[in-house]
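The structure that follows is given in the form of structure tokens.
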Amino acid sequence: KTNKGTDSGGTKNTTLVVENSFDLTTADPGRVYEVTGGMVAHAMYEPLLTFAGGDVSKPVPLLAKSFEASADGKVLTLKLDETAKFSDGSAVTADDVVFSFNRVKNVKGNPSFLLDGVTVTAPDAQTVVLTSAKANPALPYLLPTPALGIVNSKVAKAQGAVDAEGADKSDKAETWFNANSAGSGPYTLQSFSTTTEVVLVANDKYWGTKPVYTKIVLRNVTNSVQKLDVVKDASQLALDLSPDQAKDLGAAVTVDRASTTTTFFLFTNMNPAISPVTSNPKFQEAVRYGLDYAGIMSLAGEGAVQAPGLVPDKLLGALAAGDSLKRDLDRAKAALAASGYSGQEIPMEYPSDITKNGIDFGVLAQKVQAGLTEVGIKVKLAPAPVATALPNYRDGKEKLGLWLWGADYPDPSDYLAFLPGGLVGLRAGWKAGSSPDLTTIGDQAAIETDSGKRAALYQDLQRKLNEVGPFMPLFQSAQISVMAKSVSNFVYNAVWTVDFGALK
Amino acid sequence: MRSRPYLRFVLVRLGALVLLAVGITLVSFILTNLVPGDPAAANLGQRALSDPAIVAAFRHQHGLDQPLPVQYWKYLTGLVQGDFGTSQRSNRPVGDELAEYVPATLELASTAVVLSVVVGVGLGMLAAMRRNSWLDQLLRVVSLAGVSMPTFWLALAAFFLLFYKWGILPGGGRLDPGLDPPPQVTGLYTVDALLAGQWDIFGNAVFHLIMPALVLAAYTVGLLTRFTRASMLEVLGNDYIRTAQAKGLPGRTIVFRHVLRPALVPILTVAGLAFGSLLSGTVLVEQIFSWNGIGQYAYQSALNLDLPAIMGVSLVVAVIYVTVNFVVDLLYGVVDPRVRLQ
Amino acid sequence: MSLLDVSDLRVLLPTADGLQPAVDGVGFTVGEREIVGVAGESGSGKTISMLALLGLTPPGARVTGSAGFGGQDLLALKGKALRDVRGRSIAVVFQDPMTSLHPMLTIGRQLTEHVRHHLGLSKRAALDRAAELLDLVRIPDPRGALGRYPHQFSGGMRQRIAIAMALGCSPDLLIADEPTTALDVTVQAGILRLLDRLRTENGLSIILITHDLGVLSSVADRLYVYYAGRIVETGATSGIIQQPRHPYTQGLLRALPRAEDGLTPIGGTPPSLGAVPAGCAFHPRCAFAEASCAVDRPELVDGLACPINPLVRS
Amino acid sequence: MSTQNVADALSPGLKLRKNRRRVWRPLGVTGLVVLVIWILVAALAPVLAPHDPLGQQFDRFLSPSGAHWFGTDELGRDVLSRVVYGARVTIPLSLLLVVCSLVIGAVVGAAAGYYGGWLEMLVMRTADLVFAFPAIILAMAVVAALGADLTNAVLAIVVVSWPSYARVARGLVLSSRNADYVLATRLLGASGRRSLLVDVTPNVAGPILVLATLDVGNAALLLSGLSFLGLGARPPAAEWGAMVAAGASNFDKWWLGLFPGLAILTLVLAVNFLGDTLRDMLDPRTARAVIQ
Amino acid sequence: MSLLQIEDLQVSYRRAGHPDVMAVAGADLSVAPGEIVGLVGETGCGKSTLARACLGLLRPSGGTVHFDGAPVTPLGRRPRPAAQRRLQMIFQDPFASLNSRRRVGAQIGDALRLNPSPTTVGEWLTRVGLPESAAGRYPHEFSGGQRQRIAIARALAAQPSLIVADEPIAALDASAQAQIANLLVDLARSEGVSLLFISHDLAIVRQIADRTAVMYLGRVVETGPTAELWDTPAHPYSSALIGAVPRPDGLHRLPDELPGDVPDPASPPPGCRFHPRCPVAFDRCATEDPPAITWQDRTVRCLLHTEGEPLHAIN
């Protein structure tokens, strides 16, 4: 019958049942991008560099035993660990790295942007050289991303994987990767379903420390049921409980709360053509100071932090908690009066079907709405499933938008997207050149290689954003992981959530 | 002389089925394409979405860059070869995904149907035999409560009480976690487990089926109870029942041989239709019981505007529905000689 | 010694206004090898009184009186004892041959099930017997007919099959409730001849219910004329037909199309259940009614329930 | 045809016999009373609700007490007030849905039955198609695409629910078109359309009414089901299905889901009690038993 | 000149997946002004089909129906032409021929509104023996006989010159049968309306009809003045029908049996349609379709009779 984790130490010849509301479309490391996919891929495909535990501020060696950036920040040289082996026993070589990275770029999947402007070469079997067009100080922080896990190129090629230009049409390996694995990680794929469960089994040829659990069953379960299951010991690890659900769980389970790199934010459209009202700076001020931050934080729950700026607290260049905005109703009301707002309803769009870290957008939106109502702003909620909401968002047509941004990789450079003309900036109707001042700082920050200076630049950037930008950062949600007492050594990592190989 | 009209009837119905299938694909195609919403947006990451090359690649890969009639024609020609297209969400063939989810739902829905027929017809007979008694009144209230019950609410209540509070039944899923499903033959875990001789798996699968099937059956039990009662009463009022009584046959014989059979005809109809409503009900029930069937699949696909998947699900559900009702029609022939011999 | 001796039969039926008498103290006898005719307008209680004998009244009905049959009182029988009489000693043929046979069971099944139940015959023996009976009622190809269904036969054939079914256990008494009303005259003639033959050849006693006095005139030995749940006149058939004494019987006969005179309907309509007039139930429609008719309820004396006894005939 | 609707099985040519209906029908009366209460609750919501249904003014997750009979929800709103206001969403929308499907279905079905030919063919094949089409999937797709909003949901459901009425209406028109009483009127010189209007309509009305009554319950269930899935009511409106969904994510806060669920149940049950009783009153079988 | 002239009328029913049924297969019949014609025959012989075809409720597949000199047009969606409204019908089932949801007065009123006349609903109700107050009531408040009176009132209110009555008394009680038959005939006579009275009750037809037509399997096999036909039936089928009528004379005479049933009209026997059941059939009957022989005011289709000879009784 079911083998459940026991407290007897040593190697547990056991199964670990993990429950997660799946955000999963593929197990192909060349395409994987979603949260659940990252968890799965990370267990099977080791990257060159990794993060130790939950600390994402410093990349550390994994398949690459050392790495070194050139002074201009454009070239990153890595030396591979010659003991590293794939699950079929063959050694991990630089060719495999070149193949893996080129494939990610050329299949034009969700993660291919990670390697935009980066070329990868292998001077010898143990050396990989990554060359960027511009100084790329963020590159080492990118490499631990699950999508950049290294694939056994011989096996992959045999299954139709292609790394050359045009791979988006010619690569035929995804189906194979959804049923098998060819990485060097502690687990291999036994079965895979994007909606039911994913089963991983320990890689018996693993070159590192053997994992404790021989089998990981990752099941797709809604958060409310996860709670019941973990309390009833029907599962040993639940990953999606909301802060409310995680209250009063009793002594049978351990609760781990960690702040994530996911930032929930509100924006007001800067484009007067889209919204004459919200593009008014006074109106933005009214919103910024009118939001009920305390009320919102009560929803975000224990473990979450109010976001002083867009860059999450775990990352370089994050603002200190003291920089957080406080509600100032008088100021908000005054600003609103000055803005000439005449009481019209403003639709606030948000993705209704997304629940992240147990935070339901619908509930959050209602809280935001209530806060703004107190100021005198009439907000009409306009929820839609992501599929429908995203096009409007992408096209910069939302007057008010409530969204989240999860760090693609743990480096503040990911947040340059919020600048005018940037990916997210445009969504808020913020055209390139609208704020030359900010753009200049952003450009500097992007290529600055000195950590100290980088941090200062990013902090400066965020303070200015908080004054003139259309974004109102709300909070970083808390990852709440609930596990049976039998499970130990759990550490939440913002990039891959949980490292199954490290669990005891 | 006996088989020809019947055969003709079967063939005509099969032809109608094919036409219906084409109609379903057309409707779902038009519908999913008419409404605003961009599948690329739903199925690409935020970063990728802003990269025109990736979006173009996505659109090209799923044929979304072609004119609609061409897309539809390609879909149809693929369908003829058993190809349901490729899911935009998972990039897997929709056919494969359906093959994965349909059996789960079939297992659940058939269990619920069998349950409803047994319980519903039984209760209905009881009510008819004891008509106007307090039992009849009680059954009437109970059956109306069954059809009035919000399925999702009942599911939550059952889950909360039977699993969480009392621990009588297992929670979600088709098997206890950690148990491997039986080797796939039919995709129905119970059947496959039996085929493989895995009794523990069979027991576990049945154990997991009980709660969702009961919840799902609540509506149809109510429906069938009401209909069986009405149908039985209708038959009981017939002259030929009085004839049977006048022949001195025992009550049991009369009920089972003389009353039940004609009463079955409308019951069959309702049972067939009930199967359709069950398929819809699964959307809500599967959600709560983590039952990975087409209900969940449909929900996910609809949210993600995964066109091939939506079309595939609609098609499968429609075909199941039509097939069930087709079988019901054939059963009429078995039950009623007047149908068979005409 | 008569086969069936019913006295003071009362049947109260449940209606919206409570229990109402549908049959109000009737008595009749049926002798061996006798065809007894029961006549009367629709709703006069003919069917109900026969159903009461076999306990087939609708649920909630109350039946009193006595019905001696083979040494036991039918009305006192219950459960298995009653079922053993039904179909075995007393068989019934109902009015509508289109609805009184089960549409989904083969003729063979319907002809044999009660025979096997009552007589314990084997399936084969019962089928043989069924074929014989079908032959007796002149169904062509009796063997083949056993495998067919009622809808494959015409109305007349179905009524013959129903009769064959009734004869299955060789009953002593056959109650035929309007067996020919739904049929054409040509077919009716055949059924009447069949009944007559069964009486003479098989020694069957028959109660023949009908409102067609012409039919009774041709086969019945004795008549009972019902009106509003009571018997108003009884006697030998020829006597009643040729010299009806009760005004109601006279009216019935005059309403029949006969060559001699035109149609002379009885005025008014028969009373409905629960609205039977006091005194003589027929007095509101009676041309000879006197004041006392509205008060005194006439008893059946010397085969006539009419104290006025109008011998005047028009 | 196989894809016959439940409704067809329900109502083959019903006739209302008025004269001797049973006066005391406890279930029907109960249903009517409860329904009237709900309608009153909806109408008088501002008077009855103790608090603002949208006001996030209390502590979150207060369990039921004297101050908050039904407790408070995840945003600190009074659940009782929300349940009361929820009647304003579900009842009118269910009625709207049924009325729309009824009008469309009855007109289309009657026209199909009356004109016959290709029109009938087209209508009935479309009805078959829609019947076979999984309603909730269609509704989900439409709502997903047009945005979560109950009016969109109503639209989507109307698209799939008119055929039951069309079938019944067509069946009744077809059967009454050749009924003796219609032929008699026609022989007197009435036009086909007039006889449809004068002779057929009153006979079709009864069964359609029963069907509609029973359907109000189904509509309420479907709408709240969609809201439960997050595809229905637009927040912050108080809608029962959405409220149950909130309860679903907070299992141990049983009051969140229990009361709105009971609200749906009682409303639908009341409607069904009423519809069932009406059906009995219209049903010839019962009618026969009552008359004889 | 006859008011209604049916010549070689053929009416078929289409049945999906089966051959057509020719329910009326070449029937001839005429009704003169003011005449009452009785049409008798066994169940399924096509009486109702013929009646409906006369009124245009069914479209004939062959032959003609003329009313008042003009062909009867099949009923479409438009109102019937005013001239044809003088041809009315009374149905067999008084429960089905009145709309249970409309007041009696409104239904009779239809006739007056569509065929204007100076009479009133009340007058018509009185004529058929019902109180004027009946107008405000619904059909279910009346007995079968009373309903049939209402139906008669409705038909007469349209001022017809011919009424086709399809078994108008078959569904009624014995006592009501005579009442309704009398009423219908009396009113027809007093209004000068012709009547085509369809019945399988020969005795009634004999009482009321001026002329009787006997129908067998889609054909009219014999017509003639009622008394003559009754006394000297010329067709063996007529003879069998008459012999089968039980006589209420108290003489214990069993009626004569005619073995067999009316054959399925979908596959009629060749030759004379009656020959398989005919007690006096001979070889030619199985192959030759007997022509209509007319002698004075009688017509018969039987090979036992030859053209030009007086018709004789068959017994």
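Just so it is clear, A, B, C, D and E label the chains in written order, and each chain counts residues from 1 on its own.
Methods note: a contact is a pair of C-beta atoms (placed from the backbone, for glycine too) under 8 Å apart; a residue touches a chain by one contact, two chains touch by 3 or more.
Predicted, not measured: the structure shown is a model, and the values here were computed from it.
Visitor: Smallest number of touch links from chain A to reach chain B?
Guide: Minimal hop count between chain A and chain B: 1.
Visitor: Which neighbours does chain B have in common with chain E?
Guide: Output, common partners of chain B and chain E: C, D.
Visitor: Between chain pairs C-E and A-D, which one is joined by a greater number of C-beta pairs in contact?
Guide: C-E
Visitor: Which one of the chains is farthest from chain C, going by Cα centres?
Guide: A
Visitor: At what distance in angstrom does the C-alpha mean of chain D lie from that of chain C?
Guide: About 51 Å, centre to centre.
Visitor: Need the CA-centroid distance for the pair chain D / chain E, whole Å please.
Guide: Their C-alpha centroids are separated by 49 Å.
Visitor: Once you find the CA centre of chain B and the CA centre of chain D, what distance in Å lies between them?
Guide: So the centroids are 22 Å from each other.
Visitor: If you average the Cα atoms of chain A and of chain C to get two centres, how far apart are those centres in Å?
Guide: Each chain reduced to its C-alpha mean, chain A and chain C end up 90 Å apart.
Visitor: Out of chain C, which residues touch more than one other chain, so two or more?
Guide: Answer for chain C, listing residues that touch two or more other chains: there are none.
Visitor: Which residues belonging to chain A are in contact with no fewer than two other chains?
Guide: In chain A, 222, 228, 353, 385, 387-388 touch at least two other chains.
Visitor: Residues of chain B touching 2+ other chains?
Guide: 36-37, 164, 287-288, 303, 305
Visitor: Within their complex, state which residues of chain D touch chain A.
Guide: Checking each residue of chain D against chain A gives 54, 56, 60-61, 74-75, 144-148, 230-231, 234-236, 246, 248-252.
Visitor: Okay, in this complex, where on chain D does chain E touch?
Guide: Touch list, chain D to chain E: 15-19, 179-194, 198-199, 202-203.
Visitor: Once bound in the complex, which stretches of chain A touch chain D?
Guide: So the residues of chain A touching chain D come out as 222-224, 227-228, 242, 244-245, 248, 295, 298-299, 352-353, 358, 360, 362-363, 365-367, 369-370, 381-385, 387-388.
Visitor: Where on chain B does chain D make contact in their complex?
Guide: 13, 16, 20, 23-24, 27-28, 31-32, 35-37, 137, 140-141, 144-145, 147-153, 156-157, 160, 164, 223, 226-227, 230, 233-234, 237, 266, 269-270, 272-273, 276, 279-280, 283-284, 287-288, 298-299, 302-303, 305, 310, 313-314, 317-318, 321-322, 325-326, 328-329
Visitor: Hey, which residues of chain C end up touching chain B in the complex?
Guide: Listed in rising order, the residues are 54, 56, 83-88, 91-92, 94, 96, 99-106, 113-114, 117-118, 149, 151-152, 162, 165, 168.
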